[in-house]
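Residue numbering begins at 1 within each chain, and the chains themselves are lettered A, B, C and D in the order written.
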Amino acid sequence: MARVGVFICDCGVNIASTVDVPKVVEYAMTLQKVAIAKEYKYMCSDPGQNLILDTIKEYKLDRIVVSSCSPRMHELTFRICVNKGKINPYYFEMANIREQCSWVHQKDKEAATKKAMKLTEIAVAKVLRNEPLFPLYSPVIKRALVIGGGIAGIQASLDLGDAGHETVIVERESSIGGRMSQLDKTFPTLDCSQCILSPKMVAVAQNKNIKIYTYAEVEEVQGYVGNFTVKIRKKARYVDMVKCTGCGVCTQKCPAKTSSEFNEKTGDRKAIYTPFPQAVPNVPVIDKNNCIYFLKGKCKVCEKFCPSNAIIYNQEDEVVEEKFGAIVVATGIDIYDHSNYGEYGYGKYKNVLSGLQFERMVSSSGPTDGHILRPSDQEEPKDVVFIQCVGARDPSKGQDYCARVCCMWTAKQAILLKEHLPNSRAYIFYIDIRAFGKGYEEFVRRAQVDYQVTYLRGRVSRIYEKGKKLRVLGTDTLAGGQVEIDADMVILADAMVPKYDSVKVAQTLGIPYDTYRFFTELHPKLAPVETVTSGIFLAGACSGPKDIPDTVAQAGAAAAKVCALFSKDNIEIEPTIAQVNFSLCSGCETCKLVCPFNAIEMREREIRRGVKRSIANVIESVCRGCGTCVGSCYCKAIDLRGFRDKQIMAELEAVCIE
Amino acid sequence: MKFAYFPGCSLHSTAKEYDASTKFVCGRLGIELVEIPNWVCCGATPIHRTNALASIALPAKNLLWAQTENLPVAAPCSECFSRLKLANLEVAENEELKKNVSEVLGETYEGNVDIYHLPQVIIEKIGLKEIEKKVAKKLSGLKIASYYGCLLTRPPKVATFDRIEDPQFLDNLVLSLGAESVNWAYKTECCGATFSLSKKELVLKLTNDILQNAYDEKADCIMVACPLCHSNLDLRQKEVEKKYKVKYNLPVFYFTQLIGLSMGADIRGLGLKRHMVSAEKLLSSKGLI
Amino acid sequence: MKWIILKDTDKKITGEVEKISGQVVANCYQCGKCTAGCPLAYAMDLGPTRFIRILQLGVTEEIKKSNTPWFCISCETCTTRCPREIDIAKLMDATRIVSQNGEFKPRELRIAIFDKIFTKLVEVFGRPPEFLLGALNNALTFNLFKDVLLFPKMFIKGKLPISFSRVNSKAVQQIFEKSKSR
Amino acid sequence: MNNWEPNIVGFLCNWCSYAGADLTGLSRKEYPANIKIIKLPCTGRMDPMFIIEAFKLGADGVLVSGCHPGDCHYNKGNLYWQRRFLVVSELLNNFGIDKNRFFASWVSASEGVKFSEVVKNVTEKIRELGPLTK
């Protein structure tokens, strides 16, 4: 005889202020097989859980329903609690009366109360049809894959490598280093970015636990936590990684030039190149689209001059398949395309630059060797205007979010300008200054006071060329007037946007992304590096704009999560998987066909004495419990534990029958 | 190609030459313009500042005919174009407004008429290639500043045919006619038409800024596609020169006049003699007349 | 500097402006881009940004006193560039409509009178005769000789037809009558 | 029939739409209380029988919502559902049920606002159609 206990949570006032909880308790008591219903202020708290445990004992309960928040929040908490009370954790159901009831029906308390009763009734109906389930175990492959070799990927790999775990970095470009390697100095300490990054890049290359695949991309991911199978495409670089010594003669001699992506198109590079001098690995690649030999069939200058015969023109892409137990996604960001702002003339006027272009200009390894020069005529600029929030906090451009780094980044660039050209004047147009990090506010004050940077509160409306100058029409809302500046150069702060192919990456990995296309964390506060797919973790700006300190911290956190996972030899996997009723299966193979994970195999089985038939069989360690097979089975021979037909039907009846 | 033609008040008074040159050019390009019978004023700016419903109902009144005849509408005046298209859009988007407007009109207006500005008709529907074929006399040596004004490119939901900032379609037309296009910054600034009679001093400043920029960028003349822009830049140019103690002497053409000129039309027929700032000296110095 | 006594503020005008324009003033985060690009901001007392601010706060006296909505020329630059997609020009229109509805006196009489004359002429004639528009405007704003020097020349150039034709005036009058009652 | 309130069943997939509905709550976006949600691991689990059964049991409307195509947590469960959806909706007429009572949508975990819009829309449409008469 089933004895159900129902526990209804007030969640402080979150539920109780909208839903009349005592009424729900009263209603629950009238439900079939309900032995007791109780209310408590915070069911998830220790006293709340103790209340459940005590009640289980007192009323000899064997099934539990908790009506509170979303199961996505506390299902696990209560399952553990129920288990402590010696009840199988799957004899438990939750009714979501907060996220899907009290919070969305605040204006109609009566309807909310009625709905809360119904939702509780549905959960009771289901729990009565539940069955005990026992966890399955699966071995953990203790190898980690890190996608992206920027500062996030580098840090995560170092932490994993140091912990003794074999780690593979897959980087799309020909060198690791990422966005940070493009920066000149970093705020608020003004450390040289390359100087603090390069040692880490070298450390990665030297760590015996870390393997780097540069110029490579992840193509396919199969499997589940502890056991992922990943296909990696190593793009042909046309240079033998082993033979090449990195002497650079090929690059020197190459006659083909094109604009350098690393320098944000402010300078040139060759067709055979390393993106920057400190590249790791220091092996060049041939850019097929600009190489004269690949375009016209003649040239081969690099081959001629290479002292170690490392050039291989007929090299082909190679796809390797490797196994991993966990994946850290550190794919980073792109920069907002400022040409969407027609009024600022980016792309039309030479002297309107993006923040990253200015960064390359200030960098001593950049195209101007660190001299700040007006691109139109190579003169030193006198008046430089910086504009913040370009491509950020701007719903009209679909960019509602704050760029998060551009306040500090711009302050830093203004300081760098004043350090390079002390007689120049710097103007910054801002809407709000967000200097919340350690030492950030002090840094902005330094820009304002020590470096005499003029801060103007307002957005710029328009920029146009007037003679050699750029006329900037802005406003200072604090002084209450329009502002006109004839500037030599205008720098538009950069907003971070998701990588152009972030959706494709998300779909390959099976992780969700938000409306901007950034990857979504499992929980924005409490699980910031986890994703809904266990075994896949996020690091750095791929989940939203981040500065370097936050990125490094997150990378460390992701690595720690992987280490925790790798500390076990076997991990529990959800037992809510498919199951075949052998006597009903006709062997039509539909389930095998639709299964996204190839978890169904056909097997000869004796169904009656002497009668053998080929019928479906679920491979338990592979099935992930989506239920697609169940939805498509013609004979109702396959069912999903935890979401069986009879359970859903019971829920349906509870919904429909008043 | 057949269009319902909405000339607007100005083309029947201060801008008769725009009307004449439009009819000439459209005739040559095979565009049939049928004037909307008994059209009334679009309401212009004063009405949308005083009566929100009438500002939609008046244009809708004119569009009713196009709706029955199932014709797209061509409007040569930017203000008329803007009001007509906005009325159409708002009625299409807003059921309640549609009900109110239809009640005021006594007929149901659906908000499904296609409305084009005259340059759009000529440049998009006919195409610059066709125009180039019809050019008899290239306007070589003429440096033209194309002036778009405000309502030809704004607001974005109404003017959808070129980029909002730094539009190019009139500049491209200039190149097709064999003339030089001037790259200038004030091509979309406002001339102040609305205040022409009520706040003249403001208008003179705005007009001066525009003329000044065109003059600084070494334009010979200005090309417009709106009778209100024309009346400020041409009619008030002498006044501006007097007030700001400058000398511009920049003739202001309608784009249809310049197309007509390149097709070899007679300057009197194009109404070039009706301008306040005489164009004849400039045109003869370039050997165009 | 003046005190803004928040207990004396009142969102009545703001509410009406929002209703007529369909805009929500709370959307504005005061970045100032509208003022920065406004061709007439130099002549305005507040400029669009600060005008929206007093609408947000509901400082009734300031709203009534400000010339900003009256000097708006409807060039739509602000609307086009507003990052928060507020139709600022429409807010200005709506403020003037609230005033026309008798809520408060127009701050710029000459502009208000011109709008009235224009509207009346459209109502009577269907297409406003420009000659009459100029003449009436001068008469009613006590500025009889404004633009008088232009008239003869315009006349010679055929730009000033002195004719009074009525087009569709019944239908137009109907539009005005019916739309007034709403 | 004055007090009639539509009774609507919502089948949501665990990873996108259920999370989206949670986000609706977190952002406190109101929607009518007529919908009651049943959680499924994936819309691929959706058996056409559930829909017919729901109407048979007296539901006035059914909504099924899952991940956008391409975003399925299980790669392609939602695509199988998409195929079934077309069949079911044609089939309903044969059962004498107006297929306009049956809705499907894609709502991702980040589309809390969209979820409330979908529910509002569904509830309004069902209200227009009136109670399901057998």
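Simple rule for what comes next: a contact is a pair of C-beta atoms (placed from the backbone, for glycine too) under 8 Å apart; a residue touches a chain by one contact, two chains touch by 3 or more.
Note that this is a predicted model, so its numbers are computed, not measured.
Fewest steps needed to get from chain B to chain D, stepping only to touching chains, is 2.
Between the Cα centres of chain A and chain D there is a gap of 29 Å. For this pair, chain B with chain C, the centres built from the Cα atoms lie 23 Å apart. Annotation: 51 Å between the Cα-based centres of chain A and chain B. Averaging Cα coordinates per chain places chain A and chain C 50 Å apart. In chain B, the residues touching two or more other chains are 164.
Residues of chain A in contact with two or more other chains: 343, 462.
Of all residues in chain D, none touches 2 or more other chains. Every pair of chains meeting the touch criterion is listed here: A-B, A-C, A-D, B-C. The residues of chain A lying in touch with chain D in their complex are 70-72, 96, 98-101, 103-108, 111-112, 114-115, 118-119, 122, 503, 506-507, 510, 512-515, 520, 532-533, 576, 594, 596-597, 624-628, 630-632, 640, 643, 645, 648-649, 651-653, 655-658. On the side of chain D, the complex with chain A involves touching residues 7, 9, 15-16, 18-19, 21-22, 24-26, 28-33, 36-42, 44-47, 49-50, 53-54, 57-59, 70-77, 80-81, 84, 108-111, 116.
By the touch criterion given at the top, residues 343, 389, 393-397, 431, 457-462, 473-477, 480, 482-483 of chain A touch chain C in their complex. Chain contact summary for the complex, chain A toward chain B: residues 341-343, 345, 348, 462, 464-466, 471.
Listing the residues of chain B that touch chain A in their complex gives 163-166, 185.
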